[in-house]
């Protein structure tokens, strides 16, 4: 079988899969997502995207072999501790990624992919895969699920992904409607809008102390979120990820 | 509701639960479990025990309120890297526990319980809860699922828990029979038996380089494992854990 | 005077400037830049851009007050150690940034800007400014000099910034022509092009062990570099940075 | 000579002893021991036990060769800092053990034993010997002096070892009577008894913030301590340790 | 050319220079220097001394080949944070030195010299060069610029180097008169004089909390500083450093 | 009593002593000392000097109160691992000193003195006391026993202290004659002499890889060592240390 879960494999199966397959690690977070979305939103959405992408691949004729690791349910969310989060420091998350990646290469893997569900993990994930490729003879990929599309999206790039806003709420209404507290209340625009999401000059990263509290923990109004559109957006990401896995498989194949 | 999952709660619900409830964190491992058990055995078994215990409590009249965190699926398994494991170093696992525990207290929790599924995590977990109780005004408990019983066990203490042997195989046959590769092959006793499991003097901890390889990754013969007995053993642990949660709740209640 | 150098100020002047000014830290690198550019290219270019931007601001009527720190001449360049680099590890560079930023807030600064000259520093810089804004009551900005433009650029976005290619060589021909070894030799396209610069799917970060060696340390052909165009590109960046400083000054002013 | 002190050996003698002998490191603590026992109680008792055990072995015909290192006089006692302690953090103590163990293997030792005198060092010592056996080709043992007996004890298991109570006071009356402030005052039972010593469910580790202060730094009443019984208990431990050293020597001999 | 700047070399030139030359790293500080000297005094003076020494060597017939690295403009100045400093912690500065030295050996250098401009860096620099010579096949030297003389000095050893006093002010009047705020105000002797500069017994290092604040950030009266004498003192140091570089070159030459 | 040992005090006595006394920590090493001196030479000599100094003080009329801590028997000796040493890394030794010093201030001490017996500990000790005085309201002193004299020495400054040479051997002949293997063999001068002990220019610190092996682990010929002269040298140090303690007591007295 080309798609398997590391949790369910014996060690000899892991060894065999490592020889020719891609190990895929989802990473998420547990953090406040305003009053209507659950703490695990990022983890739930990255797992949903990954599982849909693997299902798509499994239906193909000669799909790339993928071993899916259990998702890391905690991420780097210090900016959400003011409300509630279970947050790993950047150093801790980096160490977890280093240890997991090193373990995989020790078990014979040489192609790994990290798929991220939480913006705050992004730089830490990038640094980890760069470090990994310098110290081990591997090819390694990293992405955040919302950045991959199959090109057919018809959403709202202005608020994607944002945090606890229109995009994430739409996806959750599609994937886990039971976990969304409805009706989602409307929210008036915050003025000025959050600096971290609206830098005063393009290309500038700006952070201000207390900004997440000031904007009440969300980037945009989620009340217009839509389950049907969420399903299309999620499907587009799943196909985007399936495409990316296939492309990575081709580009990194050892026979190369 | 008295039993909830942090992943599914909004942050305000987490805050409310933190005031009077117990946060419960399961920790497991991904590591070789001989030729017949899956990599995730420890994680699967600790989650099974925890979920059964919480179900038992939920049926009581005035059960302690428990918020279950997602299990940490990776543990400290450097001694299993020779075959296959996804292992966090002791420093990394300790940092993860510190960060998770600190996050909980920041979110208003003051009673926490860590339930462990993997022997190699034990000392790291103990150190983490001791550190935690020194730096925060909390009461915190830690245990490994196999050490708690409701007192009705009729098993084989000589090989409990062991590793990938009679005990774990029996439990897996009861909880996840689909994941056990059967028939489980018999294994001749290793001579001398593994030093780490059979110290030359009582009270002595002994470690020898390469010992896990020498004994082929398991402590005892699993071929006699039994699903029915496994179910009784597992049930006994679940009731033991439920009892322990209740006792911890009474002993740590803030009104005290 | 509105533009000053921390190196030349007395401590009382630093204190006074900290109350209302912006502290600006340039960071660079020392690393191989193919056969025709010097090791300090990134440091030289970020300093050039910063100095030009500050000169532009100094000519305005009510310019923002800026205290320029000495540039950190070393960056994170482990991927260039195969040829020659003086590289700080990610942990070291992160610690340097933490220490510098903490020192500034201790000296009374509450508005800081980091301007980067080397791609490999990017994630580390972002993490540092995020950490900083969480632990101190500051507003802090970060950017890489090549991402800021005044909007009049007429260059080659396909190879900007790249490494030791058309873009950097053009800028060096404009800013430090004496340090460019000419004529710059042409270079045939590498096939396949470097994975890190040409991911197999948009949105994917891919790193392969040994890739920088394989492509001989540069991303693209520098032989068409042009001093006049370099001067326009550099000028555009300097004006972009000046604009960004002004916009940051407005957005972060304490009276807000 | 079969029993020697590393402090008194020349480096060539250390090298020779390392080839066939066991290096033995005692570790203790400096921490409050109620009003009647000195700060160094744990160090003094572990040294006393070790020296008696080595004396017993020296009288045998073909004793195992042991090189005794100087005791580490400081341990991990953060829970006693409220009164007085000289405490190493867990990270520091772990680093000391790593460095000492690595030094020994560099000097040619391949069999090492750590004998502990303080409960708070236990997990750190276990982790250190496990790490050591993974990174070096050694056999290594660890124990706390009170857990080893020759099987003839007639004491009070209910309060052994405890802290600054009946057990330690009896031993100190036997080994260092001059250092015990007498008469030892009686102490009424604390209600509830210390949680860390009396968990609400068997198998549960429980720590509560401030618990050591609440129970005034001791686990049980020391007023009934007895010098003669202390001498028997101490002698039993010394013979237990001698037995354990012999057994470890046999089990770890290189000819094996 | 025998004297070059790493910043201006291509990587192949660095490689060639590393084979037979000495890499020289100046390190300085940014810290309060009383009311009349600038923050960068230590960096400016060490750079001045180094550049003069290299100029002297360049005029010789067969000078030692030296590659000068860019100065590290920040040092370890926690004792000056009370007024203003940009200070690296001891751990951070040690890590920077480790990384720079390791990079140099990776680039083929095997002879390195660190020249220091700030007292607070001294122990950290010494530890770094010792570590370096243990882990790499190199010969490495370290010094502070004021300790090297050509033997013709006629200054005031009683206040040399001190901090922001007669010595440094004289040198700055000689090297950077524009940066000295004049007239330098006289200062009455502090009673008792600073403990760190006047230990109560020879051979004793003494540090008292708050001592730098108490003595207002300077060790001695700078009002008698003299530009002409400063020029002679600086010249003497430059010739001392040139002599030391030549002597180090002879003592460390690989043909030895 | 004015002179006491922390090991023998109860915690209340430690608290009382901390209010007005000086805590004194000796630190040593375990490392090769050529063929004739034992591994513990540095620890034995610093303890001997400290104990003699405290005896001298105890005989005075109003002696300063001193609480002597147990000596740290291990130091930083990586340069002696080639023969045999039990060495702590610089980071570990620094952490031990930080933890011990912090513990003392937590127990109420505000005056501390560290007395060192091993050259390799020097910079680490200095950094530790500087850090300590910055983070705690204390006065703290540090010295190496050989640098303190009562001014009556008639020895050989050219080889003092050196390593395993004339000076240390003379002192050991005086203090621990039983531990010196005699006759001490003569040793021909090594040519060139060890660079670390004979820098090519005054004021230069030079380290060369493998230098300790090249000079066979000692700095000078010990065959002329003399017990009587050793006794005078040791006595001079003990009186020097007693003087220094008295001077430190006066300079650091809280009533000041």
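Couple of notes before you dig in:
Each chain carries a letter (A, B, C, D, E and F) given by its place in the written order, and its residues are counted from 1.
Definition applied: a residue touches a chain if its C-beta (ideal position, glycine included) is under 8 Å from a C-beta of that chain, and two chains touch if they have at least 3 such contacts.
Chain identities (UniProt): A, B, C, D, E, F = Creatininase family protein.
Every value quoted in this text rests on a predicted model; they were computed, and no experiment measured them.
Number of steps on the shortest path from chain A to chain D, with steps defined by chain touch: 2. For the pair chain A and chain E, chains touching both partners: C. In summary, the interface at A-C recurs among the listed pairs D-F, E-F or A-B; the equivalent pair, sharing over half of its contacts by residue number, is E-F.
Of all chains, the one whose CA centroid is most distant from that of chain A is F.
With centres taken as mean Cα positions, chain E sits 49 Å from chain D. Averaging C-alpha coordinates per chain places the centre of chain C 28 Å away from that of chain E.
Here the CA centre of chain B is 56 Å from the CA centre of chain E.
Multi-chain contact residues of chain D, defined as those touching 2 or more other chains: 91. All the chains close into one ring, and from chain B toward chain D their sequence is B, D, F, E, C, A. For chain B in complex with chain A, the touching residues are 5-12, 14-15, 18, 30-40, 43-44, 69-74, 81, 83-89, 91-92, 95-96, 98-100, 103-104, 106-108, 179, 181, 217.
By the touch rule above, chain F contacts chain E in their complex via residues 78-79, 90, 123-124, 126-127, 129-134, 136-144, 147-149, 192, 195, 199-211, 240, 243-244, 247-248, 250-252.
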